[in-house]
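Labels A, B, C and D are assigned to the chains in the order they are written; within every chain, residues are numbered from 1.
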Amino acid sequence: MAQEAFLFPRRIFFGDCDLLGIAFTGRITNFAIEAIEAFWDELLDGCGWLYLLTEEKIAIPFVHLTFDFISPVKAGLQLVCEVRVQKVGASSVGLQVFGRQGQTTCFDCRSTSVFMDATSFSKIPITDNIREALLICLTIPAS
Amino acid sequence: MAQEAFLFPRRIFFGDCDLLGIAFTGRITNFAIEAIEAFWDELLDGCGWLYLLTEEKIAIPFVHLTFDFISPVKAGLQLVCEVRVQKVGASSVGLQVFGRQGQTTCFDCRSTSVFMDATSFSKIPITDNIREALLICLTIPAS
Amino acid sequence: MAQEAFLFPRRIFFGDCDLLGIAFTGRITNFAIEAIEAFWDELLDGCGWLYLLTEEKIAIPFVHLTFDFISPVKAGLQLVCEVRVQKVGASSVGLQVFGRQGQTTCFDCRSTSVFMDATSFSKIPITDNIREALLICLTIPAS
Amino acid sequence: MAQEAFLFPRRIFFGDCDLLGIAFTGRITNFAIEAIEAFWDELLDGCGWLYLLTEEKIAIPFVHLTFDFISPVKAGLQLVCEVRVQKVGASSVGLQVFGRQGQTTCFDCRSTSVFMDATSFSKIPITDNIREALLICLTIPAS
């Protein structure tokens, strides 16, 4: 991954929106999760969640998710999620997702995920090459 | 609402689950939100989110959501969400949702929502009768 | 299963509804699929899709789905899906789902699913005990 | 819209997939609906479902949807939906969606939608400029 912020654009569909014409909260949580999945694929050259699980029996489940909803995500406008690496632990990774529409920050999501053996569901250290890739991202300035 | 914990049972469907056979994180966030919606309807005798929005032009959007994922939500088992009132402010309400399967606590969600005029999207005080109903719930012992 | 129509009630949540205040079409397709999943569990004493897949390596994927949307599924009202067996072939099963709110029929869904070996994804005959259970349902009068 | 087939690519996310590692049927129905929404926006220069509803009080609800599921939609591969105009009636429009991954056709969806006054929910004739745009699409050769 080039050393620049990872941006993930997404269309807001009619079906994402509720009676108020804004994206339903339960859809927004999914937008952030989608952006994080896309981040992993970008970071690991396409070998993200799906590859790790099916080929290496590694799962990276979320253990924590926090959302601050700052401004509504509006229908008819593109949402751009920026994913940033916040923290790299022995087994855990902290990622932050800013969701923006134009200049407006709509939400700020912070996540913690833990590397696990997908068979035993026990914690494992982050693989060296993945750790290295994550550490490079720690230094990227915000967009 | 009787002065006992509000419990909201839910079937976990096949389509809620991912490759690992456990509920996908983005589905779990929705389970908690569904339980909170059901809580409001129970608290206000059926006059929850939908009624408040369409009849009284009041919206109660989430401004904050936090999830701790403690144990996987498994397919084929019922999930029971317990919703508790944590905090009642001037305009804001803090609700907590514990998701359990049998004796296992799967997740702990804390939310903050704010009463708003649905037209102007500006903060308004919690209506008196709603505040009263919420305050009664503050005293309910955990299930 | 007792020889009566299989009815599956479901709450319509705020998040199921779109700008028009009615359930979004893409949610309705899921309501029918949920009802069909519940029907299989009822028919097979809890050993439906999940059990067949994980314990017997049998999948019953849809090969065809048709929906007639007759009347909107409204927020704030319960939806009751009635699932009926329409056709039992060598490998395939035709199920029909009527979605109703009160006396109003909201949609009529017809599905065809095929029994498959979940490993090879090749067609297999319907297991005898399942065929027997399905055939009994063929004779049930409509609710 | 240029007179060529309308193609709508979409990433298949981890959360779209079930235990079998293929997109859940209830997600596929949504992929087709998303493609149809995108088609309308392309056809009408961004003034599709959302604009018609909020600015012109016109809704175009589905009255019929049919799906043939031909081959599983696999995780980790892009899905490309091709939307084609099949039929233009007085009030109704028939659209077809082919979902493909590479050379494989995964599903074939046919839809009928009806132009309605969003306030009265009564049928209205298709607006002239929209009819014209649709008729041009009728002549486009398949991709």
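The rule we apply is simple: a residue touches a chain if its C-beta (ideal position, glycine included) is under 8 Å from a C-beta of that chain, and two chains touch if they have at least 3 such contacts.
None of the values given here were measured: they were computed from a predicted structure.
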**Q.** Touching both subunit B and subunit D (chains)
**A.** A, C
Q | Maximum centroid distance from subunit C, chain identifier (CA atoms) | A | A
Q: Could you tell me the distance, in whole angstrom, between the mean C-alpha positions of subunit A and subunit C?
A: 34
Q: Please work out the Cα centroid separation of subunit A and subunit D, and write it as a whole number of Å.
A: 28
Q: Report, in whole Å, the distance between the mean C-alpha point of subunit C and the mean C-alpha point of subunit D.
A: 24
(Q) Among all residues of subunit D, which ones touch two or more of the remaining chains? (A) 14-15, 19, 21, 25-26, 30, 33-34, 50, 54, 75
Q) Draw the chains as dots and join the ones that touch; what shape do you get: line, ring, star, complete or other? A) complete
Q) Which of the residues in subunit D end up touching subunit B in this complex? A) 14-15, 17-19, 21, 24-27, 75
Q. Tell me, which parts of subunit A touch subunit D in their complex?
A. 11, 13-15, 21, 30, 33-34, 37-38, 49-51, 54, 75-76
Q.
So in the complex, the part of subunit C that touches subunit D is made up of which residues?
A. 19-20, 25-26, 29-30, 33-34, 50, 53-54, 59, 61-69, 72, 118, 121
